[in-house]
Amino acid sequence: MFRNNYDNDSVTFSPQGRIFQVEYAAEAVKQGSVVVGIASKTHAVLVAIKRNAEELSSYQKKLFPIDEHVGIAIAGLTSDARVLSNFMKQQCLGHRLTYSRNMPIRSLVDMIGSKAQINTQHYGKRPYGVGLLVAGVDDSGPHLFEFQPSGMTEEMIAFAIGARSQMARTYLERNLDKFKTSTREELIEHGLRALKESLVQDRELTVENTSVGVVGYVKETKKTEPFQVFDGHEVQRYLELVADDKKEGGPQAATVEDESTAMDVDA
Amino acid sequence: MDHRPQAWGRPRDDVYGAYDASYLNNSGPRTVTQSPVVTGTSVIAIKYKDGVVMAADNLASYGSLARFTDVKRLRTFLDTTVIGFGGDVSDMQFLDRHLKELATDESYEVEPTLDDEDDEESSSSKPGHLNAANLFKYLQKLMYQRRNSFDPLWNQILVAGLDSDSKPFLASVDLRGTSFTSPSLATGFGAALAQPIMRKYAGTEEDAAKLTREQAVEVVKECMKVLFYRDARSLDRYSIAVVNKDGIELKEDEQLEKQSWAFAERIKGYGTQTV
Amino acid sequence: MAMFSQNPLLNGPNYSFSEAPKFNAPEGARQHRFDPYTDNGGSTLAIAGADFTIMAGDTRLTSGYSINSRFHPKVFKIGGTTSDQSDATLVLSVVGFAADGEALKERLDAICKMYRYRHGKPMSVKACAQRLSTILYQKRFFPYYAYAILGGLDEEGKGAVYSYDPVGSYEREQCRAGGAAASLIMPFLDNQVNFKNQFIPGSGEGHALQERERRPLTRQEVETLVKDAFDGAVERHIEVGDGLQMMIITKEGIEEVILPLKRD
Amino acid sequence: MTSIGTGYDLSNSIFSPDGRNFQVEYAVKAVENGGTSIGIRCKDGVVLAVEKIVTSKLLKPGANKRIATVDRHLGVVYSGMLPDGRHFVDRARDEARSWRDNFKTPITTSDLASRMGNYLQAHTLYQSVRPFGITAIVGGFDAQEELPVDGQVGSGPSCGAGGKNPDKKYGGPFLYMIEPSGLYWGYYGAATGKGRQAAKAELEKLDLTGEGITLEEAVKEAARIIYVAHDDSKDKEFELEMSWISGRDGPTKGLHQEVPKALREEAERLAKKSLDDSDDEEEEKKEGDKMEE
């Protein structure tokens, strides 16, 4: 009802008590390609589908290391993601200089949560057009958080955001109870299988379009296995874990994404 | 009768003479106090097998006057860390308040432990909470920052507890931000009098790791006695704390025992002898 | 004790600089101003080899006549991506006022980390050397009272040593000693590393006598020189002793060695 | 609704001809579609509880806390737009800290409510901001004893009342609820969010105004009320979170803490049981009516 008068800025409530600009920002997250995150008792894993603008262009980076114990997967406007990831990097570095420890993931995520909330309450500001999955470890073990443009941040066992991420979430819900005790390789395998659920039928996981990020925590020695991103040929050994149900007709050439992207969305 | 407002509520100039405002500094830069007023003397501490023992007497001196005799110079943080303050007592109070606020912020991060059932969390390494090593780094930065702005916190502080690997942690930081760690530490007079004694028992980290709790407490009590003998700004009532993975045991009103002033007879000018 | 004593002359050995506040100050100046500096003693040494660099320093920390700590490292790996600096490529040694030294190290480390995050590769020793110079000069009028030496391998893989004064003037050298016992160690290095005042016997008379020809030293020779240098310094300088920390930088990585020194 | 289409409801701080700020009223709508939260003031403490709707099975159980601690003796729970609620809590913590900086004592619950009320009201005065999409319930226990001033040294003078009026009672449990307009009242029992009507009905049945109920009873009642309030939207799964504050000699020693897991689970078991019993009664009543026809 009269949606167009209430959706011009992020300081106007609609009669039903909604802020349309924030809801539209959440749509921008769905424009980005799908990313999946899973946490177990010992590791946290991020996997992502990277997209290229055209056949010969490079692939958009999706996984970013923030500090040795935390990394993020992004879906949506890459420029907004860069602003948030630089902020997170500075906060982690500052925290380590002040307390000489891994910054607790919850307080890091709360910071970008309150940063994003402000953009939904002041005139002239717009919500961030990017969603994040934050995977990291601290003294209380591995964590996976989801960050939304509304400023909402929640801790998850596993999650997926981005284009057609609902299929990936369904896979994750079906295998939910396996994750807690999964090994590092099993977690990555589950992540990649969830990714495959969200692929358009003729597309598939290749070394060009898939990224894997892993971080770990050994409780006995309290040592961190630093966050690491695997791209290109380094991803091959993980792809073999999920190569079993390859469709017949061999690997087709990756067709170009059909959706037209208005803004410089991370394709 | 002078009805002008400047005269209201003031003793009359014609009776008491003009007001002497020379002590006021209404010209020149804004200055901050840069010298200690009410001060505490040495703080000493020694590592042992499972933790650290720290002690400091309960005196706050105003120059050479023993002004306050019930000042607690050992403070605790989140029952994981003991902090001992030497030097200015007002700066100690400020720091104690500041650390209490830091502890309050810590209590906001209620961290669900890894798994409720599988491991009991010892208090000193509650996940997510700052341990002694983290707090020390924070204090070191705070002291250095205040030094840089020429508005120092005029203290030398010992921080004792456990570090991230749950091993005994003991370190010192002073008003300039200079920080260091050692198996045994002492501030002020203690550096000259107590350290040589403590280093006999805890010369190296390995020696300290062999000390039992009782031995460590004994050495610290011995040093407190020596300091009472020789430090003219010390007191025979003191606080002593033992911190290990089970938390902190703090006793804040100990009386110095087994004193023997027999050696005084041999000092020329003591009592009546003139030799 | 030295810190609270009102008598400035008790403020420890005035080897490196005079810190006694002036008493004949003009009227109105405060007598006991807060002195932001102190001297924590200790000594450092850096020698560049053909394909390696050795950075060394003692581990004693003093203030005045008391030993604060027998193990307080002065040589740090910097620029690594993780806190254990396992993939660090640069080494910084600082000596003088310990608080400034540590602050300087942490700032340079943070800057190297951000450089590596932004450019995807570690900072070269040449670039880091210039950056350190600007950091020092920024505080030209309230200096970091620390003598810094930066070590690493240059683009061709040769050992590189850059030495600094507290306000940032720097120079690349073959070897440099810093800190309290610099005046004792440096001549030893001139003679043993750069073969100064060493001549080939019987090679000529008077001016025709030829200087001994300089050659790059092997790693083993340099390690021995470092140990001898510090043993000498410990004998004659009370602020040096307790422990010797050495970092050997090669293209395989950075190896750390800790050896005991006299504790008197 | 005379508002829509008149243009008076488009921006904040604008009065409509009948004197209403519609953006604030719309903000209250945002509160109403959030999970239910309640507060109960008993004679020896305060209990806060919230119904956290589980939006996805992938959420980590027990990890996403909604009831926040402000200072050490104050708890805040809220319904509505959760990021707004977190911002509210951050601001409340700053207010508590600045109070301590100035007065060296913990802030009282009424002062915090007053300051937060002002903060929310300020967001209804300008077109450059929007009102808060939450209603917050603030519960606290103000110290009854003479607390040492922070950083106090020595025990102070041993004679004289120290400025205290001996027969006046200080401190105790307090409960406030603050709406998006900035309006707040003190409550014995407060409820907001989707199931607030049902919750208010249940709260009024309890004897809160008279002799008052104990903390343990209040924990059980709070669980039951949340289950009753949740009852109508049965399909959605939810997680109950509860916290409590007692005096220095009570179970929480003056601190705001989460209700221990064992006590919470016990309260939930009783709540489910009493929910089933009341369902049976309705069947009997229905059969009774049928029989009469």
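Residue numbering begins at 1 within each chain, and the chains themselves are lettered A, B, C and D in the order written.
As a working rule, a contact is a pair of C-beta atoms (placed from the backbone, for glycine too) under 8 Å apart; a residue touches a chain by one contact, two chains touch by 3 or more.
By chain, UniProt protein names: A, D = Proteasome subunit alpha type; B = Proteasome subunit beta; C = Proteasome subunit beta type-6.
Predicted, not measured: the structure shown is a model, and the values here were computed from it.
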| item | value |
| --- | --- |
| Chains touching both subunit B (Proteasome subunit beta) and subunit C | A |
| Selected interface, A-C versus A-D, where C-beta contact pairs are more numerous | A-D |
| Chain separated most widely from subunit B (Proteasome subunit beta), comparing mean CA positions | A |
| Whole-Å gap between the CA centroids of subunit A (Proteasome subunit alpha type) and subunit D (Proteasome subunit alpha type) | 34 |
| Inter-chain centre distance, subunit A (Proteasome subunit alpha type) versus subunit C - centres from mean C-alpha coordinates, in Å | 45 |
| For subunit B (Proteasome subunit beta) paired with subunit D (Proteasome subunit alpha type), centre-to-centre distance based on mean C-alpha positions, whole Å | 41 |
| Chain centre separation (subunit C, subunit D (Proteasome subunit alpha type); CA means) in Å | 60 |
| Subunit C: positions in contact with at least two other chains | none |
| Subunit D (Proteasome subunit alpha type), residues touching no fewer than two other chains | 63 |
| For subunit B (Proteasome subunit beta), residues contacting two or more additional chains | 112 |
| Touching chain combinations (by label order) | A-B, A-C, A-D, B-C, B-D |
| Residues of subunit C that touch subunit A (Proteasome subunit alpha type) when the two form their complex | 81-83, 106, 110, 113-114, 117 |
| Residues of subunit A (Proteasome subunit alpha type) that touch subunit C when the two form their complex | 65, 68, 89, 93, 96-97, 100, 224, 226 |
| Subunit B (Proteasome subunit beta) residues touching subunit D (Proteasome subunit alpha type) - in the complex, by the definition given at the top | 60, 68, 70-72, 89, 92-94, 96-97, 100-101, 104-105, 107-108, 110, 112, 116 |
| Residues of subunit D (Proteasome subunit alpha type) touching subunit A (Proteasome subunit alpha type) in the complex | 1, 3-5, 9-12, 23, 26-33, 56-60, 63-64, 81-84, 86-87, 90, 123, 127-131, 133 |
| Touching residues (chain side subunit C, partner subunit B (Proteasome subunit beta)) in the complex | 1, 3-4, 30, 32-34, 36-38, 40, 61, 63, 66-72, 97-99, 102-103, 142 |
